[in-house]
Amino acid sequence: MKFSFKNDYSEGCHPRILQALAETNLMQQNGYGLDDYCLQAEDIIRKKINNKNAKIYFVSGGTQANLIVISAFLRPHESVIAAETGHIFTNETGAIEATGHKVHGVPTSDGKLTVNHIQEVLDHHQNKPHQLKQKLVYISNSTEVGTIYSKDELQRLSSFCREHNLFLFMDGARLGNALSAETNDVNLEDVARLCDAFYLGGTKNGALIGEAIVINNPALQEEFGFHMKQKGALLAKGRFLGIQFQELLKDELYFDLAKTANTQAMKIKKVFGEQGFHFLAETFTNQIFPILKNSEIEKLSRNFDFYVWKKIDAENSAIRLITSWATKDDVVEEFIREVKNLK
Amino acid sequence: MKFSFKNDYSEGCHPRILQALAETNLMQQNGYGLDDYCLQAEDIIRKKINNKNAKIYFVSGGTQANLIVISAFLRPHESVIAAETGHIFTNETGAIEATGHKVHGVPTSDGKLTVNHIQEVLDHHQNKPHQLKQKLVYISNSTEVGTIYSKDELQRLSSFCREHNLFLFMDGARLGNALSAETNDVNLEDVARLCDAFYLGGTKNGALIGEAIVINNPALQEEFGFHMKQKGALLAKGRFLGIQFQELLKDELYFDLAKTANTQAMKIKKVFGEQGFHFLAETFTNQIFPILKNSEIEKLSRNFDFYVWKKIDAENSAIRLITSWATKDDVVEEFIREVKNLK
Amino acid sequence: MKFSFKNDYSEGCHPRILQALAETNLMQQNGYGLDDYCLQAEDIIRKKINNKNAKIYFVSGGTQANLIVISAFLRPHESVIAAETGHIFTNETGAIEATGHKVHGVPTSDGKLTVNHIQEVLDHHQNKPHQLKQKLVYISNSTEVGTIYSKDELQRLSSFCREHNLFLFMDGARLGNALSAETNDVNLEDVARLCDAFYLGGTKNGALIGEAIVINNPALQEEFGFHMKQKGALLAKGRFLGIQFQELLKDELYFDLAKTANTQAMKIKKVFGEQGFHFLAETFTNQIFPILKNSEIEKLSRNFDFYVWKKIDAENSAIRLITSWATKDDVVEEFIREVKNLK
Amino acid sequence: MKFSFKNDYSEGCHPRILQALAETNLMQQNGYGLDDYCLQAEDIIRKKINNKNAKIYFVSGGTQANLIVISAFLRPHESVIAAETGHIFTNETGAIEATGHKVHGVPTSDGKLTVNHIQEVLDHHQNKPHQLKQKLVYISNSTEVGTIYSKDELQRLSSFCREHNLFLFMDGARLGNALSAETNDVNLEDVARLCDAFYLGGTKNGALIGEAIVINNPALQEEFGFHMKQKGALLAKGRFLGIQFQELLKDELYFDLAKTANTQAMKIKKVFGEQGFHFLAETFTNQIFPILKNSEIEKLSRNFDFYVWKKIDAENSAIRLITSWATKDDVVEEFIREVKNLK
């Protein structure tokens, strides 16, 4: 069986999580997120983001987090601005539109929204009430193409959104990878301070499943539980999510796992670079997009699984390689050997 | 800490599930339900229901199962018929209506729908197109008040629905308890043969989380995956659901767990009966509703947790006691001693 | 061709409306309700209700008015309380549910909601967030069974709603008939003072089409135009609605038309009463529901059209007779002759 | 008061419509589109399109027509492809998304979709079920920028859609103008043969309000009335729409009115051309987009109203001029004089 670099959710969970599940297994607890583990995990997150008034809600996946947050925050005539590469724009089967809200897609070079992008969408929707009222800006960090936002970029976005009465929401399915990247200058407290809401991804960073939605803006916290239940996200055994986030966050495990994933990807990137390959985008997280000849792709795919991401021309394509918290050194070394033998 | 009879999801999962998770943990697998464990669990279910053409989909909870099934099966002008006690009618925060569909609630004495109930709803909606077109009948087995359907009752419902071009959908959050009740004469194959779709509940029967949706009607199978994804239910690590159902169903574990829960409840019921207490409804599953004096309720609640379910009069109320796969003999015996001491 | 008492929208419009349309026909005007006629009609209504801050919006029909108002006012987890006879509950093809909101139906004896009815719904929905948050009370005046609210009844409802943070919305498809009934003690100013919003029906009272939505609660006025447009209700030639309401309301035409309809119905009711017939409900508007033998119904239906409303027993049924602004004296007299000849 | 070239719905209706309303005014008729006038108008349309099995439904406006057709035809996971200039994409306040469906916007040079545009959208949505299933192609004729489809273009679109299992729907708010353009080679029968559904616009072509939806594909005809009612479009006095379409279509009035509008626009276009002005797009219908210096725009706007459509550069902008069935020769001549005096 080939090793797969297809994604960061190919394995189960970090062993400490299994251990925590076993230790708590027969304790009776309240249902629906009112168990001790959820309450403790919430407290840990509030401390880490330095906002004792934040509200935290655990859900089972990223699409679910996105659709509940957005539909809870918006009124029927309000819409979302996102990059065209944004997960909600094209990879969630219209989940946001299914709740009644349009997503305005913006083409970007690197998956990152800027103040100019947003201003342009606003400028094109001045004919009220025949056009929608834009109300929420959706960004992903790290983005779907592996790039990250700098603190300065986030601050500009945040200021612009507050001036223009827009909510700023960060999809953090890979937030661990973003904040652990070598080029990163943002911390969790910054994220909480600059975004009205965001989520901390677990599924792609060592949990079995689970994302922790953090709502910082007090005006948006009210009655969020109703929306969770209505969309089928309020788990009877919410404890199962609480236990995982408690374990991941009670020390540095969450960021250690993300760092491991990033490190493995950067090792591979380095070798591609040394061998003279170019990349679709420069990334410092756990996703890399080297451009190879089709014959080289064929060679590499004999022993490894990965996605061919984008055709560049008749003879070259970019591939996508994703590493995870569980990617072992020996696998990376073996892959590197094959890369070195390509040319 | 008091022992709780409040519900059947107070504990974690059966230890065999934790073991199965541990054993498979580092195996790389495809995402989104295309892993080996989901495929195997689907095969097991198809064999158990004796329908090799059934399609099976795993989701994380019951409200999610209900809302996806119903919104996938119906066109915008089609509606649902359910008992007023039905979970979707009053306990899921309008999840079905949030997908655009009305639920017609029918008052019943025992939580069970009959052909007459359905006919009456149809009769009151003859003014087309000013009134909705009823298209799906929702039943729960066991019901929300602990009762179960006999094979004869299910056959009548099924025949009526087919004659009237209605889909029959069974909420099986506690299907294990229903099929393991001492008075039951229905098996899983009957359920599959008589219902267009149903789900096998895991959350309340020994899984950490998870329900297995089974679609028997070929016309309803098509493109169901889109609806799962759009509603946020397609887990990246679908393996986590597959592993659990594989473990629960590969032998008789699933039904053994349900039987244990039922048996513990019946022991308690027997003693209440012997002591001369009456019940809100006669049940043979893991829920019982004895009627007590308020002073008796107070006594029992010193050492045990449970819900006061319904006020009967100024001095008496029905309480709800729920047992689970994890309810131990010694707890039941201790509770029984207290019941015997009430009078 | 038989004369029809089936409804109050069998004829076109009052001739003064055709005349007003002709007179203004070639004047160029702004689109989308920003024309002179809409602006003037809005002013007239503001004066008549004595609320210079009310916002008025014209739409083409009652179902449209109901679904826009309700979906604009509510957040996704909020629901509506209505009588089971309420038009939105059973005669609008699930229009409200199609916007995502449940309608809780309350059985009533006379189509009228009371404070007790509402309290009971609230009492049954205390399990938050698993149950919906009730937020809007929908009443019709006159009701779908021809009855009307007294000032005292409206005041109680209004006070209760304000105390409980509920919006009170009145469907006024036949508000003219209600306010013109001989037993009525409510005026338009009362309605505006006591309801957060209501609409003044035109379609059933002499207009070609059109309903005037009046929003009194300032918190609900904001951005209503977006909802109108999104639901397809913002007419390019909004002038067409403005002209009609201007004509109906610039003097007493609107109430004169309603009074004519009521008077004709009361004449018929009187004769039925004198002949010893009973009624399904006692009404003082333009709908009456006498109970007849089936053979009598057959006789009457030789020369007149009407609906058989409700089977009473094997030999008797209630019929529904509706009169309109256009029901002529001679037709009424002829019908009365036939009634007198029944026994 | 300045004459307005802002749009084609600034005036009331053609006098023959007022006359028809007056003549039929006091005839009692069935409600909800079951009146004689609707039935006759439907027959006329079926004859004109040479499809005796077509179903026709009258609604009050274009946004309403679009949202009902699209939401009735699609299942929840199906989406729409439209030009970015398409009315539904940006000028209907998210009406389509509010029914749960995404609209994929395609940039075009002239407002017209081609087979290549559609193929490209399909190519970018191959990752099922994570991406939506495209199911309906929305085109406007004439387009929002005044251009029209040739018969050959429509045939290619139609064939492609049938091969790819896509519905083809034409927004015909200005279909009269399209089919009456001097460069047009399409007739109403072609439209009906090539599109699964389309609508014939009345509001912008001499009616007070009203659009006639025509459904040619038998699979899409079923139960359409439910959707009309649910979306608030089934008028009690449907007669009002039937009378208008009967009058417009019983002879050539509908096309005569469109031709008048086109002719007046073409006269103006000719003079702009003779004076050396360029156009944003070449159009042959009732919309023209000449490019003028800002100083020239200022001059023209002293006596005439119109929209400045698009900034070209610091000194030049395109304006939009729209004529209607009611635009008189003397106004056109006066405007032409001013154009001639510009330079």
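When the chains are written out, they are named A, B, C and D in that same order, and each has its own residue count from 1.
Going forward, a residue touches a chain if its C-beta (ideal position, glycine included) is under 8 Å from a C-beta of that chain, and two chains touch if they have at least 3 such contacts.
These figures come from a predicted structure and were not determined experimentally.
Minimum number of contact steps separating subunit A from subunit D: 1. When every chain is reduced to the mean of its CA atoms, the largest separation from subunit B belongs to D. Between A-C and C-D, more contacting C-beta pairs join the chains of C-D. In terms of their C-alpha centroids, the spacing between subunit C and subunit D amounts to 34 Å. A straight line joining the Cα centres of subunit A and subunit C is 51 Å long. In subunit D, the residues that touch at least two other chains are 76-77, 92-94, 98-100, 129-130, 132, 226, 229-230, 234. Subunit A contributes residues 1, 3-4, 7, 9-13, 15, 18, 21-22, 24-31, 59-68, 92-95, 98, 203-204, 208-209, 226, 229-237, 239-240, 326 to its touches with subunit B in the complex. Against subunit A, in their complex, subunit C makes its touches with residues 32, 71-72, 75-77, 99-100, 128-130, 132-133, 223, 225-230, 234. Within the complex formed with subunit D, the subunit A residues making contact are 76-77, 79, 90-94, 97-103, 105, 124-125, 127, 129-132.
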